[in-house]
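Labels for the chains are A, B, C and D, by order of writing; each one numbers its residues from 1.
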Amino acid sequence: MGWFTRKRKDAEQPETKEEVFIQCPACKAHIYKAEWEKNLEVCSHCNHHERMTCWERIDLLIDRGTFREINRRVTASDPLKFADAKGTYGEKIKETRQKTGLNESVVTGRGRINGIRVVLAVMDFRFFGGSLASGTGEKIYQAAAYALKHRQPFIIVCASGGARMQEGIVSLMQMPKTCAAIARLQQARIPYFSIMTDPTTGGVSASYAMVGDIHIAEPKALIGFAGRRVIEETIKQKLPDDFQTAEYLMEHGFVDLIVPRKEMKDTLHKLLKYCVAA
Amino acid sequence: MYLDFEKPIEDLDAKIAELKAASSGTGAGPDPQIEKLEQERSRVLKDLYSKLTPWQTVQVARHPERPLLRDFIAGLCSEFIELHGDRHFADDQGIIGGFATIESHRLMLIGHQKGRTVEENLRCNFGMARPEGYRKALRLMRLAEKFRLPVVTFIDTPGAYPGADAEERGQAEAIARNLLEMAALRTPILVVVTGEGGSGGAVGIGMGDVILMLSNAVYSVISPEGCASILWRDGTKAPEAANALKITARSLLDLKVIDEIIPEPAGGAHRDPQGTMEAVKKALMKHLRRFQGLSSKKLAARRMEKFAAMGRYR
Amino acid sequence: MGWFTRKRKDAEQPETKEEVFIQCPACKAHIYKAEWEKNLEVCSHCNHHERMTCWERIDLLIDRGTFREINRRVTASDPLKFADAKGTYGEKIKETRQKTGLNESVVTGRGRINGIRVVLAVMDFRFFGGSLASGTGEKIYQAAAYALKHRQPFIIVCASGGARMQEGIVSLMQMPKTCAAIARLQQARIPYFSIMTDPTTGGVSASYAMVGDIHIAEPKALIGFAGRRVIEETIKQKLPDDFQTAEYLMEHGFVDLIVPRKEMKDTLHKLLKYCVAA
Amino acid sequence: MYLDFEKPIEDLDAKIAELKAASSGTGAGPDPQIEKLEQERSRVLKDLYSKLTPWQTVQVARHPERPLLRDFIAGLCSEFIELHGDRHFADDQGIIGGFATIESHRLMLIGHQKGRTVEENLRCNFGMARPEGYRKALRLMRLAEKFRLPVVTFIDTPGAYPGADAEERGQAEAIARNLLEMAALRTPILVVVTGEGGSGGAVGIGMGDVILMLSNAVYSVISPEGCASILWRDGTKAPEAANALKITARSLLDLKVIDEIIPEPAGGAHRDPQGTMEAVKKALMKHLRRFQGLSSKKLAARRMEKFAAMGRYR
């Protein structure tokens, strides 16, 4: 979680070198913090799109002052009473909640995009790598139900390493569960957009991320089912650098649009106009 | 073939064989010593299998002699007409399917196919399907929907194939699409987990109205080995991971992820395939009758609700 | 049309060598005519399935005495008043009708398969290479409409080189027309099976042949969109021998079943039982 | 670039250019001789284009400067958001599509894309789409159906790509599937044949409620060259074949295969792209208004009827 600390915006301490400059994790260039932030955490050298917190993402996409969170209290549960070598999952949930201020790996709510009402679910990689667990699935299911009830478009911003191991089979079942939620939207002709940011992999890519009416990806985002290492071990070959990038996915037919962060909100607004009856 | 924990059985079998060899050709009646040993064996076997640890269960679920899909088809169906291809790219043999008749029930049978021989495994890729397998399954499910046939799926896979070509052709999309469409499918879907329920590759044909599971099958979000190497940073801790992951039929029933356990004969399905077939058939028949003629629209809504309930613990 | 003459069954002339033996067009083996016919014109050496006339096909598939032809009078028309170097299309239609006794490249009717009522359309390669023209499309459309009206399964036995050039754009329009017919069956949940025999190519493969609930092919049948020569010219490579065979199509996911001629009727019957409410 | 039959125009243009060069810089008023020649040129051009033979029309339809899909998009749409991919295998650039706005109408625009430069042609394969192109088109049409947007397709292709890979991945199936689904699509489909309507590759996105055709476009079951080499056994007889095949807009209207001809400016679309855009826009607007809010179920039934009537001459 060093990354999160690195880019906190509210540091009021005297400025040291680390606080004036940000080092781009992709190209290692040093960039003025002010420029980095103005550029929405996109590297001006290599176009690397840094991961965002859910709140930054909501700021980016939703009209100021219009976001209302729903089902905030739904939090990670521990159906398996899971423990590994380093301790219990229950303890880790507590720590993660404290550290992130989040109750689960997704925040859901309603708001407006240039005036158009939408229901939004935004995953946050800080919370167990944005993993899909029972709380995540439930919040997405409920958000979709809200969108269905109010006949408003539903948008999920994906950022996830996949299903959360610590909830075992219950995590896996969030794949059919969330797809059932999307199926209900489908039947009711409610638009559903999937935005894939870095990373969108595993059980998330193999469920709601990949069944959108429109698939939008951020440049260079990692998108895929299996992990690179597992694939390399399986096929006994090194994979090309662009494997499982947004650009690669688009070439292979799975992404409609690759949209730079700066244009994301306006692009969503333009797309929504085609999908929402005037 | 004996599994590690079956050493007592192996010893008893050796003794029985020895005695039988000694007494063979003597023409005497049943040897009371052998009978005693066989009773002993039966008791030990039952005892062993009633106390299997999760990791031992994994070994049974992966047993090389465990019945595979084609064995179930041969054992259960009076007719099976395999249908091929996804109408897009290929005929994957990691998932097969077709029209099947079980007793008086006509249905669409779909499942993962593992192999036993090297050639079989090459052909079906060890039961690890590619996107084409999932897309073939979906095509057949839609066909079943059109003709109002129930769908029965059999799950037995280490997982969806993690190959570069599978990624390239949309492994994630194929599984996701299946879940979306299975949610809304207007015909009953019955799922039987017969061996390994390997993560997304399993659930990709596993979204049913009723989910049955053989007593020694396992079903997990990740293999115990994979989990151990990530969370324990030590692949040999698979037994601990298997334990923590709650992957046995019993645990899944408690978690309400499955609906019913189909008990295997003592000593596991591989020791008595015939008995296993009977148990599976009995369970299937019960549920096929239950779903017969059920309104298809209500059915899909109920299926969605069933999965919506999973993971609600507050 | 030498092939047709070669296998007429009603020859009453004294037997010469040609009339005792048939030469397999695929492997060139000489086979006793009686054996050839008993074997349903399938070569016992190489399993070559010789093309059949529509009447032979109907005999093969439909219960004796149950076939009733429908729309027999629909015949080839000449919407373009087409003529080429060798004469007018109108003349050629007349000749072909006389030579084959057929009015179009397809015969349609109703009948029973082991007792199950079906509507059947059988193409005949002798009539302009089984080509799809306005009469063909109309007969198929009407047969599908009959199947729809009586809620009986519809089966087409394809044998066609594609659209008939001599009816130009009108032939091409038979592709959407026949697909509309199949779409209506689809909506009504009426089974539609496509049987692809040698050859099923061009506009027929790109319309009704490829949108069946079940796709059945005869062994080794040529099935494809573009012609081998055109493809070889396009890619500047020689194609493998098995290219566009039934077996190749099955491997690539486009054929459900390859069924030897002898088993065709029983297989159809078995399949029909799954698709027709008892 | 002048086509063979445009020699008189070429000569007149040369003369006009010569005179203009001579009189340039003299500061004199409009040269009456030039004006006369320009009137003459206008008359000849109009005359030539009013009497095009079918084979000449083919040449105009294939003219390298004829507006291509991306030109139409730029000329007609105030907004175009391209959507990519078939969600199965690739993003074919031989057929492109996306959300588009023409005047106040939001719609799904789909069409064949030919290229002008070598790189463009490599990318879009000269407008010869692979199965993925047809499948992308179908995906976009279903999207349009979901959101009740009309579909407008633009046809300009020598034909579907006759390559081994396209065969392997089901060129025939992809086209057939499109026809099946377009028949039943519950949203209006408007088709504009703008250049070459090449056989199955054209009709694969051409099953519409209304079919418009630019006056110098062609639409045929086979290329004149292909037909000549088969039926005349001589590829150079293409002009004869073009004539026999009845491939011009006029013939197609007579045959009731198309509904309306969009007149091109004198001298063809390539001489006045702007005028062409205006003519296309006018025709599209008329029909978009006509289909606005039309019951979608009735619409599909009527579309099926429309095609059912094609080729009924008795």
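The rule we apply is simple: contacts are C-beta pairs under 8 Å (C-beta built on N, C-alpha and C of every residue); 3 or more make two chains touch, one makes a residue touch a chain.
Because the structure is predicted, anything quoted here is derived from the model rather than measured.
More C-beta pairs in contact connect the chains of C-D than those of the other pair, out of C-D and B-C. With centres computed as the average of Cα coordinates, no chain lies farther from subunit B than D. With each centre defined as the average position of its C-alpha atoms, the distance from subunit B to subunit D rounds to 54 Å. A separation of 34 Å divides the Cα centre of subunit C from that of subunit D.
Note: centroid distance subunit A to subunit C, computed from Cα atoms, is 54 Å.
Subunit B and subunit C have centres, each the mean of its CA atoms, that are 42 Å apart. Residue positions of subunit C touching 2 or more other chains, listed in rising order: 186, 252-254. Within subunit D, residues 87-89, 169-170, 173, 177 each touch two or more of the remaining chains. Contact topology of the protein chains: irregular, matching none of line, ring, star or complete. In summary, the structure contains touching chain pairs A-B, A-D, B-C, B-D, C-D. Those residues of subunit A that touch subunit B in the complex are listed here as 74, 77, 79-80, 82-86, 133-135, 137-138, 141, 163, 165-177, 179-184, 186-187, 202-203, 205-211, 223-227, 230-231, 234-235, 237, 239, 243-244, 252-254.
Those residues of subunit B that touch subunit D in the shared complex are 87-89, 135, 169-170, 173, 177. Residues 79, 81-91, 99, 106, 132, 136, 143, 146-149 of subunit B are the ones that touch subunit C when the two sit in their complex.
Listed in rising order, the residues of subunit D touching subunit C in the complex are 160-164, 166-173, 175-177, 179-184, 199-200, 203-204, 206-207, 219-222, 227, 230-234, 237, 240-241, 244-247, 251-252, 255, 257, 303-304, 307-308, 310-314.
Interface of subunit A with subunit D (complex): residues 186, 189, 191, 213-215, 250-257, 267, 270-271, 273-275, 277.
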